[in-house]
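Below, chain A partners chain B and then partners chain C, in two separate complexes.
Up next, the complex of A and B:
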């Protein structure tokens, strides 16, 4: 055929776009994994079928989590029984709670409000009711 | 054959475009300001969707172009009625 120029243009454009989005994805992923040193640690305990939140001072909350806007929080997500998944849809945050493991994820809410916390991994009969409330205070 | 100049003309702008996000100062975290995952993740999602549609359009366009060019070169074929 001898018309490789079109194929090379198309390979060049496609490879270039993939490199661009790949670099961008890598950068966002890097920032998501870097937990700020000043972040407050909250232990998130999942069990059938409710959430318990343990603050650094020892206080515990069940079904509700109070945090402050403008501060960073690191969640240590654990499970007492089966696999659950800690999910806050508004903040695009999902982390599996696996028995025997401590999984970490962080966020820093910018604005006050009430947001949904839910289980995102089917965990039994009342999975659909395994919800909690995230309350971000000003 | 495709010349070296052609590679430079096509690939250099695309590769330099891929470096833009790395140099973007918007990602720099200042004291008291944290990475807003909600904004950044959705922003990345829209970029990926845009890239996916552009790649799809380019691939489909090239396929269509090659097919039409092939059909035009075969006009001498006899058609029995």
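Up next, the complex of A and C:
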């Protein structure tokens, strides 16, 4: 039975790697969860099949979202009908829009530019077209 | 009947039979029919995505129905029935009993599949294979979604009846001289799978009833406008279907344990660690369901718990892989079709497992979640690993079922087309996900990177389609005209084959 020692060493290495991956992800995620105090709140309203963005001053944008580089924003993601998912691939932001819930996520873009906003949860006929434009101004 | 080469029997004798080899045969044949039907839908999806904009389908609703039925069909009408068919064929032989414990119940479980399948195919629903409410309750048109619900309900019941039969046959009917630690690992694979099915499926059965009453408007379990919560459905659903991926996988693990020692001509490296890993996997498989829901707005603590639960299941899979490689290490390996498929499957399992760890690592999941990455990841498992081992096992059992030998050259062509195709499709899909392409979309942003990658994936899918056509030809042609197999040891590996006299039941 001497050779089973290899199996134990191997399992030990696998478990070690997993603990390392788990601990590291936990630390990073913990950091990402903390929403900065000074962040501006934007309400993201999902519905079949478009996005509406409501700024704190009451202005609304449909299909486009203008923000300023160098500032932090916190999104309150809600849905009016079915489940959607608010996704900005460039900034690795994914948060489901679930009817009856208010989900929060934040980001702080550094550079100006134009980025794709899309829906990542299947929400019916025009799911594939449920896109919007994120415009980060200088 | 073509398959009964030695002593042809009329078709109805097989259809009305309750003998385990006949029921097993029916399960196996229908699972292949559904593999090809689901595969045709896969080709449709990949062809539509060959170029941006409408390619061959002009109506996005049609596309949504195609991917819904594709997923439902392949998971419930290919993977489950194939495993049940092989279990039926071999379990009584391996535990040395005359038949399944309840032969008539066994036939009933089989005969629930055609009506369930008909409801799913004729319903042609558009709610995705997991039918999340509120879409599936308030927006999906009837009767498609209703038929999907009833179809899955019937298939679930069939699977529960089948599992009861396996558990009783294995635990109560095995030969008295055969202790539980002497059961072949294939039997262990079916046993742990069946017990998991019995533990997991009732939750989904309840969820389906709730979904249906919500659709009827008499309840509002998942309707937030009336105090319900759509996320509740996701918990019920994934509590069944995360374990379900292991339910799909464990029969394949059992098959690999059966094939690898034989074709390596070496005893299994560690029987005990195989049994332990199967049992632990069947328990820990239940601890990770909510990793499919990390983006639904869970608290940090919930996310942490499910990340740990998911990572905890990895060492068990790693243990099986070690056991397989250690078994074949230094053996006189014969690379006939069954061994080739099993090794190919293990290679792709490595890649898929690594991808799974990425999904599980919390911040990274938000890159991959609901993107094409996930599609690539689980296809590497269900297609690249599970189906590869299943196909290898089909080649292995071909002589037992038909009394003839398949064509080894054609099987080799089949394998290489499928293996290269799998890499082209599923690895590319991972990258598409990293580029931000969401899953379940009829059209994508017209970006040169996305276009070229989608075309690589579609080409790979066509290679797989050609491979499967070669397979179909090989199976039918060899069953009719193949050279008679030497039934004692058809693969000439100096190992005892299954008891072929069981083929003539009456």
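Operating definition for what follows: the second predicted complex is superposed on the first by the 133 of 138 C-alpha atoms of A that agree within 3 Å, B and C clash if a C-alpha of one lies under 4 Å from a C-alpha of the other, contacts with A are read in each partner's own complex, and residues count from 1 in each chain.
Following the convention adopted for this analysis, contacts are C-beta pairs under 8 Å (C-beta built on N, C-alpha and C of every residue); 3 or more make two chains touch, one makes a residue touch a chain.
None of these values were measured; they are calculated from a predicted model.
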Practice task
Report for A:16: first if it touches chain B alone, second if chain C alone, otherwise both or neither.
Solution key: first
Comparing chain B and chain C in the superposed model, the one touching more of chain A is C
TODO: Scan A:129 for contacts with chain B and chain C and give back first, second, both or neither.
DONE: second
Going by the contact rule set out at the top, does A:82 touch chain B (first), chain C (second), both, or neither? second
Which partner chains sit in contact with A:36 here, chain B, chain C, both or neither? Use first/second/both/neither. first
Checklist entry - Which holds for A:63: it touches chain B only (first), chain C only (second), both, or neither? => result neither
Inquiry  = Under the stated touch criterion, which partner chain does A:28 make contact with: chain B (first), chain C (second), both, or neither?
reply    = both
Query: Can A:98 be said to touch chain B (first), chain C (second), both, or neither?
result: second
- Message: According to the stated criteria, A:121 is in contact with first (chain B), second (chain C), both, or neither; which is it?
- Response: second
- In the superposed arrangement, which partner chain does A:107 touch: chain B (first), chain C (second), both, or neither? first
Interface residues of chain A shared by chain B and chain C, listed 4, 6-7, 10, 14-15, 18, 21-22, 24-25, 28, 32, 90, 92-93
Note: in the complex, chain C contacts chain A through residues 60-61, 64, 126, 128, 132, 134-135, 138-140, 224-225, 228-231, 269-270, 273, 295-297, 300, 303-304, 307-308, 311, 314-315, 318-319, 322-323, 326, 357, 360-364, 366-367, 369-371, 435-436, 438-445
So, in the complex, the side of chain A touching chain C is made of residues 3-4, 6-7, 10-11, 14-15, 18, 21-22, 24-26, 28-30, 32-33, 48, 77, 81-83, 85, 87, 89-90, 92-96, 98-101, 103-104, 116, 118-129, 131
Chain A partner, complex, touching residues on chain B are 1-2, 6-7, 10-11, 13-15, 17-22, 27, 32, 34-38, 40-42, 44, 47-48, 51, 54-55, 58-59, 62, 65-66
Seen from chain A, its contact residues with chain B in the complex are 4-10, 12-25, 27-28, 31-32, 34, 36, 70, 72, 90-93, 107-108, 110
